[in-house]
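These notes are about the structure you will find just below.
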Amino acid sequence: MNKERLRETIAKRVAMELKDGDMVNLGIGMPTLVANYVPEDIDVTFQSENGFLGLGLAPTDPESFDPDLVNAGGLPASIRIGGAFFDSTQSFAIIRGGHLDITVLGAMQVDEKGNLANWMIPKKMVAGMGGAMDLVVGAKKVIIAMEHTAKGNPKILKECQLPLTAVNQVDLIVTEMAVIEVTDEGLVLKELGPEATVQEVIDATEAKLLIPEDVPRMKL
Amino acid sequence: MNKERLRETIAKRVAMELKDGDMVNLGIGMPTLVANYVPEDIDVTFQSENGFLGLGLAPTDPESFDPDLVNAGGLPASIRIGGAFFDSTQSFAIIRGGHLDITVLGAMQVDEKGNLANWMIPKKMVAGMGGAMDLVVGAKKVIIAMEHTAKGNPKILKECQLPLTAVNQVDLIVTEMAVIEVTDEGLVLKELGPEATVQEVIDATEAKLLIPEDVPRMKL
Amino acid sequence: MKKVITLEEAANLVKDGMSIMVGGFMGCGSPHSIIRTLEEKKTRNLTIICNDTSRVDYGIGKLVAAKQVSKVITSHIGTNRETGRQMNEEGLEVELVPQGTLAERIRCAGAGLGGFLTPTGVGTVVEEGKEKMTINGQDFLLELPLSADVALLSGAKVDTKGNVYYEKATRNFNPVMAMAAKTVIVEAREIVEPGEIDPNHVVTPAIFVDYIVKGENFHE
Amino acid sequence: MKKVITLEEAANLVKDGMSIMVGGFMGCGSPHSIIRTLEEKKTRNLTIICNDTSRVDYGIGKLVAAKQVSKVITSHIGTNRETGRQMNEEGLEVELVPQGTLAERIRCAGAGLGGFLTPTGVGTVVEEGKEKMTINGQDFLLELPLSADVALLSGAKVDTKGNVYYEKATRNFNPVMAMAAKTVIVEAREIVEPGEIDPNHVVTPAIFVDYIVKGENFHE
């Protein structure tokens, strides 16, 4: 699967998790693509943690780029009719206070306990947690959208090795190979990606996977 | 001194404490009168803790009473040009955060330590503290504006007997008889009211007063 | 999609025994039509959380007078003689909270925080039963979040998504209560289409609002 | 009266070694003209408190690149390669704070609170050195207030009293920082007379603002 198809697969599958009326925060990077695949018959509101609700798609015409209206990545954005601007304390009151239905974030590592690491690699890369630690603790449902492996190495581990973003907060992991649910019993393989087999998912995953008798393929 | 002259004396003397640029909160009742005596050559901004800065005088024409624009006592009010409305959390961030220069409040009792009681009399009268506890803790300077005695009984005591509003917060006490400063050494008699003698003030005060050699009369 | 409902439907969402937050300050900014409907329906045994209990014949004070309230959490009861009388004679439970602490406890619940440290109330009866902490030599009380089953609010303009714009001093506790209740109902003076409120002027974003009801009489 | 000052005067209020809060999110809503003036004046050894360190050539990131900064308190440094490089190679001190916690710590200082309990960061390195408290079975970290010597902010419209109106996503950290610094300077795109901003639309009331400066270039 090429990079583009892979990202599209993940974003499309995550978009299927959205329900009418949901309030959603999409992390920087791949999660942002989810906005492109929201089913047309539902109304979903996106929050931009830098300070507004009703985040719309980026303006297509570069001429109309307004530097006062950017998303949390500092990139051109728009606001939909019925949106609202607010400051950072209000933005994080929304996030931390449990008012978001879903947050979709990328990850470096996720583990069997629903732990997440996505903000630094000691001695190599320190980005900072930004709003991720608040989002993961506050949103009702935490979905991780990421490639299943990094340079062939598993990212879904028995136990995260990198500094954590949060403990026990991940609910669902969506990759190009699988949809995996985090339950009290462990990680459950719920769906297979367009090209993956159960065995391939098991081989690409360090964590123990609980495999139901029937694992359907993603309906994209 | 009749009631009206007495209240006027206190309000006028308190108004002399205000400086150009001061941000001030006036309590319900007699403190409210202070607004009528602000020297014309200075600009003072009044805060109304129910949610705005720039509190102006009550509309004189009852026809123009706007029930959406009341002061903290629920009475008709106005807002001056350059004022601003906000919610109660912001209002008390201003109050508690030390952003007010002065608060003027009434009192049932004040004592040598600068303790204040002004919100309840057990088994007799429970009004509630409203915003007083926050105001007294937060404002840079706390001025008590009250009659010197209640039915002939001293209100300035060695130690407050009623449930406290706050500990150690009062800076200045202004009555019809005296201006008294609360210092680390105790209560210092700074000025005499229009009709009072030093001995009369001492007699009407339970707390020990430190009396400087020269105690001038209030310049009203 | 936010549902515009009738006054009857709004009042039906409030059940006997529920805790309700009610916006307003001495009745200014209270949802008067919803309150009247609750009075007509004789909903009972309510816990009300409100800045004050207003007057016997205005705002939330009417529910106290009609004996529909079993507990009051508020900063001030002095203007409603029924609150004090029922407290002394009929066992009405009254929890008095400093106004700034009340606003902040509600915000705390809405913002997903576990508590906060305030200097307000140190050395007073407000301390009772609370943890006291010393930070850099200053004493603080640990105050805990306060939430409710339903928030009954009032807004000048509300769009059909639920964005709220307030006017003048009616704002007070409305925005913070919108954050802290399971079900949030806003009584609108005017219901408008999404986009009619400038997104820069929205005070309560739609994410906090569940139901909208058209008010009938704004100062009853 | 608020003083309208020049960019030169504004920059002179920032001394070597001071801590400065700077509004903006990836440079959106930052006071670009003041930042440029500080760069020209070569003010050094600054502690900057900002959501992020933007890019090497935009917003506050320029001061990092020019090595005028000795300490950074922020939620994200990943978009400015100089921050990471100086941290690893030249001993630049970097304190990473979750974004919601950063906003709330600043508010805490501005609102006169002694600290707050947040679930964000529990079980991560953010815990280090902090008190952990369990309330009703949930773990929280005690986070402390964060203040600064000077706040450098940006507003779309500022009246000569200091009331500020923000537009779109430029609001972010500006309003909360206005509450928490000893000296608050707002760079205005447009300076207007008192009354030109509707008191219902003011976001930062004048009480928080000490100086106003006319900006020259808003996206440099």
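Just so it is clear, A, B, C and D label the chains in written order, and each chain counts residues from 1 on its own.
By definition in this document, contacts are C-beta pairs under 8 Å (C-beta built on N, C-alpha and C of every residue); 3 or more make two chains touch, one makes a residue touch a chain.
Just so we're clear, the structure is a prediction, and the values are computed from it rather than from any experiment.
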Would you mind checking which chain's C-alpha centre is most distant from the centre of chain D?
B
Averaging over Cα atoms per chain, report the distance between chain C and chain D in Å.
32
Rounded Å distance between chain B and chain D, as computed from the means of their C-alpha atoms
35
Rounded to the nearest Å, the gap between Cα centres of chain A and chain D is 29
Would you pick out the residues of chain D that each touch at least 2 other chains?
104, 107, 111-113, 118-119, 166-168, 199-200
Chain A, residues touching no fewer than two other chains
52, 79, 85-86, 89, 92, 95-96, 137-138
Chain-chain contacts, ordered by label, are A-C, A-D, B-C, B-D, C-D
Could you please specify the touching residues of chain B with respect to chain C in the complex?
48-52, 66-70, 72-74, 77, 79, 85-89, 91-92, 95-96, 115, 125-134, 137-138, 163-168
Taking the touch rule as given, give the residues of chain D at its contact with chain A in the complex, in rising order.
25-29, 51-52, 54-55, 74-79, 84, 87, 94, 96, 98-101, 103-104, 107, 118-126, 166-176, 203, 218-219
What does chain C use to touch chain A in their complex?
1, 107, 109-113, 159, 161, 163, 179, 194-195, 199-200, 202, 205-208
In their shared complex, chain C is touched by residues of chain D numbered 104, 108, 111-119, 133, 135, 138, 140, 144, 165-168, 199-201
Under the definition above, what is the set of chain A residues touching chain C in their complex?
20-21, 23, 43, 45, 47, 52-54, 79, 81-86, 89-90, 92-100, 137-138
